[in-house]
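Okay, so here's the structure we're looking at.
Letters A, B, C and D name the chains as they come in the text, with residue numbers starting at 1 for each one.
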Amino acid sequence: MSHEICEECGVFAVAGHPKAAELCYYGLYALQHRGQESAGIAVYRKSGIYTRKGMGLVSDVFSKESIRDLGGEMAIGHVRYSTTGESRLENAQPITVKMWRGEMSLAHNGNLVNARQLRHTLEVQGSIFQTTSDTEVIPHLVAKSLAGNTLDALRFALSQVRGAYALVVLTPEGIFGVKDPNGFRPLCLGEVEGAYILSSESCAIDAVGGRFVRELEPGEIVKIGHLSASLQSVRAFPPGRASLCVFEFIYFARPDSDIYGLNVHAARKALGRRLAIKAPCDADLVTGVPDSSLSAASGYAEEAGMPYEMGLVKNRYIGRTFIAPEQSMREAGVRIKLNPLRRLVDGKRVVLVDDSIVRGTTSRHIVGLLRAAGAREVHVRISSPPYRYPCYYGIDTSSRGELIASAMEVDEIRKAIEADSLAFLDVADLEDVLGKRVGSLCYACFTGDYPVPLARDFDGDCG
Amino acid sequence: MSHEICEECGVFAVAGHPKAAELCYYGLYALQHRGQESAGIAVYRKSGIYTRKGMGLVSDVFSKESIRDLGGEMAIGHVRYSTTGESRLENAQPITVKMWRGEMSLAHNGNLVNARQLRHTLEVQGSIFQTTSDTEVIPHLVAKSLAGNTLDALRFALSQVRGAYALVVLTPEGIFGVKDPNGFRPLCLGEVEGAYILSSESCAIDAVGGRFVRELEPGEIVKIGHLSASLQSVRAFPPGRASLCVFEFIYFARPDSDIYGLNVHAARKALGRRLAIKAPCDADLVTGVPDSSLSAASGYAEEAGMPYEMGLVKNRYIGRTFIAPEQSMREAGVRIKLNPLRRLVDGKRVVLVDDSIVRGTTSRHIVGLLRAAGAREVHVRISSPPYRYPCYYGIDTSSRGELIASAMEVDEIRKAIEADSLAFLDVADLEDVLGKRVGSLCYACFTGDYPVPLARDFDGDCG
Amino acid sequence: MSHEICEECGVFAVAGHPKAAELCYYGLYALQHRGQESAGIAVYRKSGIYTRKGMGLVSDVFSKESIRDLGGEMAIGHVRYSTTGESRLENAQPITVKMWRGEMSLAHNGNLVNARQLRHTLEVQGSIFQTTSDTEVIPHLVAKSLAGNTLDALRFALSQVRGAYALVVLTPEGIFGVKDPNGFRPLCLGEVEGAYILSSESCAIDAVGGRFVRELEPGEIVKIGHLSASLQSVRAFPPGRASLCVFEFIYFARPDSDIYGLNVHAARKALGRRLAIKAPCDADLVTGVPDSSLSAASGYAEEAGMPYEMGLVKNRYIGRTFIAPEQSMREAGVRIKLNPLRRLVDGKRVVLVDDSIVRGTTSRHIVGLLRAAGAREVHVRISSPPYRYPCYYGIDTSSRGELIASAMEVDEIRKAIEADSLAFLDVADLEDVLGKRVGSLCYACFTGDYPVPLARDFDGDCG
Amino acid sequence: MSHEICEECGVFAVAGHPKAAELCYYGLYALQHRGQESAGIAVYRKSGIYTRKGMGLVSDVFSKESIRDLGGEMAIGHVRYSTTGESRLENAQPITVKMWRGEMSLAHNGNLVNARQLRHTLEVQGSIFQTTSDTEVIPHLVAKSLAGNTLDALRFALSQVRGAYALVVLTPEGIFGVKDPNGFRPLCLGEVEGAYILSSESCAIDAVGGRFVRELEPGEIVKIGHLSASLQSVRAFPPGRASLCVFEFIYFARPDSDIYGLNVHAARKALGRRLAIKAPCDADLVTGVPDSSLSAASGYAEEAGMPYEMGLVKNRYIGRTFIAPEQSMREAGVRIKLNPLRRLVDGKRVVLVDDSIVRGTTSRHIVGLLRAAGAREVHVRISSPPYRYPCYYGIDTSSRGELIASAMEVDEIRKAIEADSLAFLDVADLEDVLGKRVGSLCYACFTGDYPVPLARDFDGDCG
């Protein structure tokens, strides 16, 4: 992948619709950008909960026949981000378990900072685990609860958990949606033909022809009754500091999603404009790194009154079965993913807008491509602050400790990526452009100010 | 597909490289936008010509193992456009045959207007055919030639053929590349590590780390010797009226390709600028239909001084195994491919830039999406003239006779697609922006002025 | 399937061999007759336990690459019987879990009669389950044990379990093999190139070029150290009444396996001879139902001095993807699996030897086939007693309550299957021919005398 | 494969049945033993001929959906033998072509001795070939015919062809079945629900619930009208010396097939009896090489009054995706395909019955297996004469020139395969047991007396 940040997961749920599995398929498909490693759907029908999951894209995992076979009037689904390491079907979600309360299936986007300790505590009590996912501790805790109903049991379980969780839970009595007390990960409520929907992003509600109703509140649990007639909302936990992950706006979410009323494309474009004001540049054209930085680049160009050009073209057909070129071929110049437009950049001074720099290797690679295509100058503009601190709430910055900005000043980074100039936004910019409109955001990766304290030996696996 | 024009085919060839099959794989992969129905590679190694082809994307058809098994120092490859009808493996290319001259494999982009007559003539002489592809007549004609060498035999064969052909031919003695006398389809020559390349577009030469050398001339045959030491060029046919298909610039080619020295993205942007001058519009924002119209839209916006916005987001993950929603779900509003950004367009006057209108159904659909998302006005601007006449040289306008512009005036079309206003470029604009820079173009689909006369009962199948 | 008894599972293990996964593959392949629904292998290498399992045959689930990727010096594997109902990947084995003791993987052939109660007890303590397999209670019980080492923990766990279990367990310290106190299911020890093997049947030891060492004793646990240098044996449980399942000889095991020193083919042939003495018949030829009854049929023929003929031919190519004919085609006479040799049986009096009658439908079908092929008389001889009582130790007689012999006398059965005569062996015959040579056998399905008492609400799922 | 003779092909056809494709599927499935490399079906429906073919077993190539999609009221099908070399989809049959007569599809079992010359002649006339199969010359010759109807054109084409051909041909006007003038390969006519069937073997007629009508005569062409109302028979060629391949009885055909009224199992058993009379042996037991020699072995045992034992067990699950053990593992004793029953043969004198010896390597391997399992003596008895001359009519004795009997006397062969004694039948035995009942047989592989003269440079590829 061209991006150094591993994508997150996405969740989707429908209750009370005769085509619940089918809608879930299209909902997940619209959330595919949040995870391409694995996909899964669990449905409830009279005889119990049925789960189908597999490695790959939504369209690889499910066939017309398998969706029809699932049936059911309630369904939850999950897409999982792609890891660079080994493929792990066991970690695919939803996770479906049987316990004394009956069957339960869970799909989770986020990361628990105390999963390891909870797991250890459960293990010494004799619990066994079948995955390496954080998520598996949740049903264990639910099973330990003596509460008289599922809602209280979930509340009991989640009161022990710290971190980020946008969670959908399928049980015979209905579907539960939970957002953690800080609201790190997005989760919103929608409606389609009288049935309720829960979705990581609003674009998936659009995709199934539904209507956005509202965001879940931090610390809220909603319960949608089996036949969706009823929607019950509980403020299950005292809300913490509201801390929606700012990277949803910067990189993760689809441009056509709205989060807390702010459209993602518009937000990115506004960041690009801000960047043009803050770090102007005397150049010939502006270009963005496809696809996530195109909005910011067009904002920069407009504000700066410079032409917005497609300086780099991305090949969209890379799939799981694509044969990656060997090192020797890469050295020989085989360029599979990104190709610069030589005729456009040759002899020109180029502003390259990107959304973030994590390790710096991708930026150096792209600057090099542009120079090889003849660019006279390459000025890099980043529509976020330097990424200095690892995220513990769900972003996998593949190899931690390799955050270039944690060790280098801006000018050192500039040299490292071989740019002619380099500028970032700062947190105040983000707060101004985004935070003021949507409520508090989590900036921990830029500031080190973690809204939820960390466990000492944290090394979780994102759900 | 969101576009009403079936994509074309792409061809690629490498001679004299120890990793010919591998480079061919990456070359075809870079040409994937020209055809997703089937892919194939034929190689020559000591023991003969070996062909592998299959339905689907390049990455579906070939595995690491199958590319390694192919081996060889000369390779040709082909990607084929996707038809709406039945899947036809038999029509996948390259087509490999055995004849008295030995083995020969052919890959072809284009369409022969007299294929049916040639085929009939061959059949009454006792020839048998195994495909329904135009291309198969060529090896038959080659086999009939008594010429003393392959070059002359090809010349003999192609002298009987009329229409569009960008052709690569693999034989034990070397690879031949041929462009028809009118040069309808692009074909260019490149070089990588001492080996020669032939490619439909320059972006695929970039992709394999190669260097663009030159376009082939209309009516030229180049022969690249087995070990690529030698390049021989023959003006095989008197050149006809130079007539490169203008739709390569408008829609087919990848934005990072250059054709006759003109970059495709730059060309589209210039068309967008021209459109803004010619058909200005008092509106709030400009948006394009992804992906092919984005360049034109950004040109329009820049020229008009209006914001360029991502008014429509396209889901990029649609694959062969995707389950298309049933009619009932589409009516219920399931939106899989394109989603408008409601928050952006709501209450706004929108300029929608598209590259062409063929049947009009897609335009009406998109205008409707924007209105449903709250757009107050939708002004459609098309970066090409009305598409009035069927193409016989390789563009499959799926259902002929359904060309909306062949039956309606502009204002009628406007009503049919429910736009507030509608404007097109005209041929003089194309000639001015494109034609003057690249030499003559074929505008037959706009003008009905066909550079090569048609057979009466033409009903070919694009190669 | 032509047989009314669902096949059992098979287990295989290798410790201390550099090609453990590969040998496990060939071992499972030799045990394929014991289960075609799913296959799985778990290996231990430095970094932990890795599991790969899937639906289908051993050769479908594993590729050369996946076996190489598994690697490791210790491996256990499992093949699972095919159910008629839904496909359940979740129930495939080995089951690999993580607990406070570390990682553990289990593969199990047999059935636990108190699994449901154990599961209930575990659930009310807060345990969660991810499969419907009996086997999953075992790691839960192991995790609950406070014992200082794995051996004692296994002993603790299994002391609570009642029923049939031939178990192989992979842990970082070595592989454990366990046979239940009654020894219902076969499990034997072998040796290959200095490494130890555990296998359900001796034929798989032969298949990997190994040497049979001995049967495990009922109630024995063997521990094979990580590098196989050490073999430790513990009489973990007081042996119960020795009760090897007699159906291993009658139907399950491969003819080239030896169990407790008795070859399976030879045993079947001896049963056929006994049947000829006990229930002679004036007929023209003897034929068996392929494949399991061919040995018995040839024994009958030899003893009776009648020709042994291939009266029925079985199509061997039926696979998972075979399209079963619709009812209308079956009624029209489409005969896919078995075809009688008309020319051989036409006008003849036929002795048809089969190994058992469970529901009676298969027998009636086969008698009908022979009559339609012209057989004048069909005399059915069964090389086991009437199957009257359900098995709770691992044989899935698909639809319980449908045991024809539990409701009918022999002559009623004869009428039901439309045979001219019908005879069975009785338990005394089995005891005489088999039991005397191999020690005590379990005849519960014939006698209702269950060696291990049943739980009241038993309804387990075979492992 | 355990057998040194490559299997042949099988053909099947149905005309005038609403489920023609489905019946064809089941017919091919019953002929699967004749070829496992590829399978294909061509059907005619209103709009033309549709062909589907692929590598692998019938059940791999076709799905429920693909059979339904084929549809049609006329169908022909083909299974192709497995080669050891590269996989060649291009050679799969039926071969479907378009010519001036219209569409035509052919499926062929046999081998043409003059294919190379015919091909050469066609090529110098300008014909091109797309396969390396002999069969492709036939449609070329048909296309050259100026005859007024298809029957005459087929007659014209086949009059130029020499060799073995059991051919089914699908055209819009009906299906043609042709047997060559010598009748080398079997082809018979059946009937099912008013529709006609053509099949290589009678077992496939049984499989689809049909009724055997008669064998085709050597040199006969039957034409089954489109709706099967009509059956027209033409003695198209003067019959040559009747020469049915004797190996159909010895090895190829399924035991439940009848050929010219003689059942194949019965024939093999009679050969075994004859062998017992001619080459008796003082031994303890008789065993056969599974599966083709089991009938002969039981005949030998009965005649000799010795026990017939299952001395070798064959693993039936070997499929295309099976991972063959490496040389080092084979040397280490990994035994995948065949396992001897040690306990049965240990210390015994064994008569091993096999149907033929071609290169001798398999026989030596099996004798070795039995000795390693403890056999005191191994006496090999072959139910056919020494195989001395290559077959040019359809049997692929993989590496020609390696026929052990062409270079060695019987006692030398005995030494080479390390048997204690060795005996063959002779041609007079075959003539006595088989030939007298079915008319003349081809014994060329034993005698060198070829019924059809060979071309000098023959090196065809079986169809």
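Going forward, contacts are C-beta pairs under 8 Å (C-beta built on N, C-alpha and C of every residue); 3 or more make two chains touch, one makes a residue touch a chain.
Note that the structure is a prediction, hence the values are computed from the model and not measured.
Between subunit B and subunit C, the least number of touch steps comes to 2. Any chain bridging subunit A and subunit B, meaning touching each of them, is missing here; the list is empty. Set against the C-alpha centre of subunit A, every other chain centre is closer than that of D. The mean-CA centres of subunit B and subunit D are about 48 angstrom from one another, to the nearest whole unit. Per-chain CA centroids place subunit A at a distance of 60 Å from subunit D.
Rounded to whole angstrom units, the spacing between the C-alpha centres of subunit C and subunit D is 36.
In subunit B, there is no position where the chain touches two or more neighbouring chains simultaneously. If the chains shown are joined wherever they touch, the resulting network closes on itself as one ring, and no chain has more or fewer than two partners. Pairs of chains meeting the touch criterion are A-B, A-C, B-D, C-D.
Residues 19, 22-23, 25-26, 29-30, 32-33, 57-60, 62-64, 67, 192-193, 203, 206-210, 254-256, 258, 261-263, 265-266, 269, 291, 294-295, 298, 302, 307-310, 312-313, 315-319, 321-323, 325, 329, 332-336, 339-344 of subunit C are the ones touching subunit D in the complex. Touching subunit C in their complex are the following residues of subunit A: 51, 90, 95-100, 120, 123-130, 132, 139-140, 143-144.
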